[in-house]
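Below you'll find the structure I mean.
Labels for the chains are A, B, C and D, by order of writing; each one numbers its residues from 1.
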Amino acid sequence: MRKYTTELVGTYFLVLTIGLAVTTMNALAPLAIGGILMVMVYAGGHISGAHFNPAVTLAVLIRGRIGRADAGGYLVAQVIGGLAGALTSRLVLHDTKPVELSLSGREIWMALLVEALFTFALAYVVLNVATSRSHPDNSFYGLAIGGTVMVGAVTVGGISGAAFNPAVAIGGATIGLLAWSAIWIHLLAQAIGATLAATAFLALSEDDREHVRHR
Amino acid sequence: MRKYTTELVGTYFLVLTIGLAVTTMNALAPLAIGGILMVMVYAGGHISGAHFNPAVTLAVLIRGRIGRADAGGYLVAQVIGGLAGALTSRLVLHDTKPVELSLSGREIWMALLVEALFTFALAYVVLNVATSRSHPDNSFYGLAIGGTVMVGAVTVGGISGAAFNPAVAIGGATIGLLAWSAIWIHLLAQAIGATLAATAFLALSEDDREHVRHR
Amino acid sequence: MRKYTTELVGTYFLVLTIGLAVTTMNALAPLAIGGILMVMVYAGGHISGAHFNPAVTLAVLIRGRIGRADAGGYLVAQVIGGLAGALTSRLVLHDTKPVELSLSGREIWMALLVEALFTFALAYVVLNVATSRSHPDNSFYGLAIGGTVMVGAVTVGGISGAAFNPAVAIGGATIGLLAWSAIWIHLLAQAIGATLAATAFLALSEDDREHVRHR
Amino acid sequence: MRKYTTELVGTYFLVLTIGLAVTTMNALAPLAIGGILMVMVYAGGHISGAHFNPAVTLAVLIRGRIGRADAGGYLVAQVIGGLAGALTSRLVLHDTKPVELSLSGREIWMALLVEALFTFALAYVVLNVATSRSHPDNSFYGLAIGGTVMVGAVTVGGISGAAFNPAVAIGGATIGLLAWSAIWIHLLAQAIGATLAATAFLALSEDDREHVRHR
């Protein structure tokens, strides 16, 4: 329960920050979004591993560092946290109508592509900096994970909304930043990106792959 | 006395930076504010623990890492440092009239809410990165603590003034950024946020809670 | 093959990020570019050393930390990754025509100068933070390497395009940000800068030089 | 000689970055300036201690970590590096006339005050993060030192030019960003700030003071 609560708290602040910063179109929004993920990862990593993202939990499941039952608990906590963050953002900014990202035709496929690519990058970074046996006590894991989302928010925010995270996609649709009718794009792309990242990690990190096999 | 002086110096530069950057409405003000807290935490952490914030001192008191008498000394040093920083900022920018955040009706409750939420986040991050036994010699604590305030300044600066710190609230009112008549909002919200964060920390960090109980 | 794949993935995301952020003229592009290099260095460093840049591979070759055959493999992987990133960027932004940096007369020599200077800085930083025996398990190497490219992108982006990396120069020409006719400027300057940096490192780091000599 | 060359290289890139970013009035100039200092500190710290600043060398001299003769060599290297960086910046941007900071009457005293305050902050941070025995192998020293200059550049760049460094002040006057007639303001303020910081450090860090006394 301590792990699930930590996941809920971190995802809550992630989606709250996205809601507040993106709805008001703050010029520094990508820094705030990458920043809140970074600080919540540093705060919660020692308790739950600090996923705050069902796509990351999926990648960690494939990589063999979390069990199926626990992954289900993480997913529920993340979605509840994300929804609560979205509702808080709407409550606070009830006078400000967010601009909903509108996608049609070719834009849909490009959104799918960049969501898959940056979800791959995020899960690939998480697995390498936070689950590899090469640098067990490093101090950079939160900076690397938050930094990846900052980069994605700057570069593809206008193309896909830059969610890279099903809890953020659901929260974003609740806030009104993404269309519910287009949420399949995010969920599909994120599942593909996370699965490919876990596959790539296991192929590239020989030692860690052995570890999974023999236990 | 060394600890109190360190608290005074850190809080002085925090409020001075806020005064100079916010009064002149600098576009990078959130980075400067989070940045000065980060560097002062790295500089002063080994002497005083680097609170620079009565709300953080309250959370550390509840968590059991500082005594009541010492906490009182920290509070006095922080308020004096904050007032001195505010007066220096006014002296330097005496020709520039700051824009006072004006709150009425519903805005008051929203300011209370976001101040409590981000003070919770700040104290939750501080307790986890700087007082947990899970990562005793990490190098990320200042980045995480400063990063949390940067995120809050970006996201809720326009809603509550983004103080998350009674010494900053008093300094901000002295500078003219916040109204003295509304300072109860900040002090109340910050006390609530810090208390909840300490409670959450003790509930979520089983090992550290035992440590408090049995000593 | 694991090393080459890691180099390909990192260079792919570096050039993809440059293509997306610079073509759309994003105000935070330098932070995204330095940021993606930082996170890919943290993710891939433990596998390949995380060069993502033939100029860095050249400097590491002169410094004696990689063999000639392996360096050739790195180069091929980096160029393929860069080209793939460039093509992905063009695919995603096919409606947005990038602004090609145009150089003539004196501008050519200034571009050559600043590319050589910042490629020197980048390779000098890489060799000192990632290959010196003075701080073997530091957590700052990715921040320092990504930070150097961020600084170069801010300061000389308008003068030379701020590539500091042959794979980025080739990718940038593929995207349409740099002219193919001017690519010799980048390749020549980057070779000079990397060679001088390796020479300076060996001269300045006595211990590490001995290490190269006697093995 | 290795130490002096390292000081020259670091100060060269610091002043070159300031010249290029400030002359062109880049919106992200404070991040580039703090960033180049950060990366040069990480690159050169293990060789020379990475002062790149006569005011820092003065503080380290008072603190007892460098000898008088060596400090003189550092000063010469820093000024030569700064002048070379300034001349390179002028060469590259010879068509762009920089805006010279103009100070008169009350402004002079306010510039003196903020230069002394932020030079104090810089030297106080350097002494605590890079010369204290409390955290000998930390990975944050470059981030803290570069971060302090970033904060100062954001907050007081328009008041004093934000040099905090005699080599930068001389370089800035060479570039045309500061008036030669006002350079005494910077040199005086920086000497005061550095001296006070070293005094404060020795008073606040009991263990380190003993270390100075008894050797």
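We adopt the following convention: a contact is a pair of C-beta atoms (placed from the backbone, for glycine too) under 8 Å apart; a residue touches a chain by one contact, two chains touch by 3 or more.
Remember, predicted model here, so these are calculated numbers, not experimental data.
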| item | value |
| --- | --- |
| Same or different contact residues where subunit D meets its copy subunit C, judged by the half mark | different |
| Chain of greatest Cα-centre distance to subunit B | C |
| Gap in Å, rounded to a whole number, between the CA centres of subunit C and subunit A | 28 |
| Intercentroid distance (Cα basis), subunit D paired with subunit A, Å | 39 |
| In subunit B, residues with contacts to at least two other chains | 27, 31, 139-140, 143 |
| Subunit A residues touching subunit C - in the complex, by the definition given at the top | 27, 30-31, 34, 110, 113-114, 117, 121, 124-125, 128-129, 132, 134-135, 138-141, 143-145, 147-148, 150-151, 154-156, 158-159, 200, 203-206 |
| Touch list for subunit C against partner subunit A, complex | 2, 5-6, 9, 13, 16-17, 20-21, 24, 26-29, 31-32, 35-36, 38-40, 42-44, 46-47, 88, 91-92, 137, 139-140, 142-143, 146 |
